[in-house]
Amino acid sequence: MNIFGFAQQFFDAPGRWSGADGIPTRLLEHVQYSALALLIALVIALPVGLVTGHTGRGGNALAVLATAARALPSFGLLVLLTILMGLGLTPVMVPLVALAVPPILVTTYEAMRGVDPSLVDAARGMGLPWWRVLGQVELPVALPLILSGIRSGAIQIVSTATIAAYVSFGGLGRYIVDGLSQVDYAKVVGGAVLVAALALATLGFFWLLGRVLVSPGVRRSR
Amino acid sequence: MIVIDAVTKRYPDGTTAVDRLTLEIPDGSITVLVGLSGCGKTTTLRMINRMVEPTEGRILLDGADVREAPVNALRRSMGYVIQHAGLFPHRTVIDNIATVPRLLGWDKHRARERARELMERVGLDASFAGRYPYQLSGGQQQRVGVARALAADPPVLLMDEPFSAVDPIVRKGLQDELLRIQADLGKTVVFVTHDIDEAIKLGDMVAVLREGGRLAQYAPPARLLSAPADAFVEDFLGVDRGIRHLSFFGTEGLELTAEPIVTEDATAEQVRAATLPEIPYVLVTDAEGRPRGWADALDRATGGDGELLPYGHAFTVGRDSLRAALDAAVLSPTGWAVAVDEQGRAVGVAAQEAVAAAIRSAHTAGVLR
Amino acid sequence: MSHGGFFEVPSDLQNTWWGLVSWQLQLTLVPVLCGLVIALPIALLCRRFGWIYPPVLGVATVFYAVPSLALFVFLIDWFGESDLTVEIPLTLYTLVVLVPAIVDGMRSVSAETRAAAEAMGFGTLRRYVQVELPIAVPAVFAGLRVATVSSVSLVSVGMLIGNEGALGNLLSDALNYHRPLLAWDAVISIAVIGVLLDALLVLARRLLTPWARKATAK
């Protein structure tokens, strides 16, 4: 049987669409973990990236920090923290947040640095205070790039949230991990398909977000 | 009045961009800072709105040190226009212009109303209101930049090479527009350029800066042309400054000859009466009196209907300068310049000799002045 | 001495610490190198035929969105629980990161430089390879760094598909026998390998692009 057959078998199984181990529940769990992790990552990375990018200072420190965070193995971190702290949300959140912070931080910094300096000059010359220059000029112009950084962080979170199941957490990873241990290959494939679909949906969500948030004047001039 | 009082700016890397500069910038007129690249023009301009802080000296705006006012309030009271306009790409034309009024707390409707008013003032069609900057040409962007600077009706306008990135024709249009706006509004304009012709055309006062941010000469443009302070200024003005100087003399004193002008339907008799011994041509006008061209006097007087010679271009009495009159005389195939009134009706012709005489007397008066 | 030192690996993994490290390096570097080798011609094609770049970019973005674990799982069907099952998805990730990095890097070559090369008589392909590609080297390395460091970290997920995770295999023992030291071992070793590889890439980039010293701030 090929993977399509397995997937079919998975989605047709009785009870698949309801109950504690049903797809809606697992999907909701997955979305909740991911959204929470992304939110935390945004709260940490976005202000730091915006302010360092605005002032232009600390770029090298950011690059080192981002490399270090990238080098941390998410899966290892998850297992280590679970052993140290027991089951809980923190061991799951830390690796996911650590995963999303570098792309958001680095892209935001780069995006802000990339804003045409004469725009900032004009804005300051008109008497905009620094926080308006940042919020009303630099941010809207840098937004497409910043969104792409957040998007790549979000997608990594969604894919990686799968491994939370390894330490007895919920989410779509449950199917994969359980399937692997029960040698139920249909379940494994079904879980994988669902995660991939969710990641693609995330992609679509950010595309829509870009359409709504990014000014046509910026979108078209790139 | 803006007073720049013994101001020096040294950048942290040791560059002295401006060196003990003192200037008094009068209200309601255009003051141009001109000089070679890197001589500290931008630095001087940016010290006025405190984008750059002076190392020494002070800058007074209406008697008060600019450092006393809150910096952003100061900047909102001064329009600021830069080279590539620096328009916000994420905002439409109208919202770009409304930036400072919105900043000052005007409601959206009023700010946009004001923005529309300014678009008209700078010669932008209302249909541009909803466009984004990338949909405009360089010249149009620059107009938006000027409108944006004028939006909150600031008494002072700071302009840093605003027109240097557009082609000569568009630049001339923008310059004329600025002069027209200035005639209406009477702002205190500080204008930076490295183009001496632009400086002479726009400036009521021109400050020539030399390398290292030192003042070489500060004078009205006519004075600059007639009496450059030193070899540097003279060199900077270029070789034909004498000719350019003529732009500052009116044509009021120019002797015009009104006789050799006939209408198209003039009889041979009338042509003969109009013909002067010293000129073998008559100027033919249409029924309204607008010049059409020169005709051979003898040919016309004998009933001939020969082809008209083009007259080059005319100069307007009272508005154009001696430079225009000289140019018209030189270009005219007959050697006579055609003078018209504000309505474009021929009022007389002037021989090259008459222009030369006018130049001589203007020169005597000008040098004595 | 059942709870050994940092470099002692439980006997059920049938490997030494050094063995795990070299396995880890193999699972990381093989995909990155393959990815680079495949990415170059694809990028050149995208550069030459501009219209294929947007679809390629689309496919790359979509692939990037598919979780590594999901890809591992799909590939078990064909390759069983083997090294290839881990290496193929990592190769794909590398491709996905590198192709846009190379194309954007080549595109960023200034119009003047391009015109100058053309005026000197460079043919299109020659210009790509001898002018644009070298100028894109810093961008390529930026991509390589991201691909390498994330691959090092992703390898450990291979543990879930039948102990194909090199150093990551320490993690299952750590959890099953509750031995935090093993988890520390895995995390620290992997992170150190990641940082070292990254440093090596930075060094290589500097050696290859002496003209771009100033651009190292990135």
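For the reader, a short list of remarks on this structure follows.
We call the chains A, B and C, going by the order they appear; numbering starts again at 1 in every chain.
The rule is short, and it goes like this: a contact is a pair of C-beta atoms (placed from the backbone, for glycine too) under 8 Å apart; a residue touches a chain by one contact, two chains touch by 3 or more.
It should be emphasised that the depicted structure is a prediction, and the values quoted were computed from it without experimental measurement.
If you draw each protein chain as a dot and join the dots that touch, you get a simple line with two loose ends. With centres taken as mean CA coordinates, the chain nearest to the overall protein centre is A. Separation between the centroids of chain A and chain B, computed from CA atoms only, is 57 Å. In this assembly, the C-alpha centroid of chain B lies 61 Å from the C-alpha centroid of chain C.
Averaging C-alpha coordinates per chain places the centre of chain A 20 Å away from that of chain C.
Multi-chain contact residues of chain B (touching two or more other chains) are absent. Those residues of chain A that touch chain B in the complex are listed here as 116, 118-119, 121-129, 132, 137, 140-141, 143, 214-218, 220-221. Residue ranges on chain C touching chain A, taken from their complex, read 61-62, 64-71, 73-74, 76-77, 145-146, 149-150, 152-153, 156-157, 159-161, 165, 167-168, 171, 174-175, 178-180, 183-184, 186-187, 190-192, 194-195, 198, 217-218. Those residues of chain B that touch chain A in the complex are listed here as 46, 49, 51, 71-77, 80, 82-92, 99-100, 103, 132-134, 145, 148-149, 158.
Interface residues of chain A facing chain C in the complex, by the touch rule stated above, are 2-3, 59-60, 63, 67-68, 70-77, 79-80, 82-84, 110, 152, 155, 158-160, 162-163, 166-167, 173, 176-177, 180, 185, 188-189, 191-193, 195-196, 199-200, 202-203.
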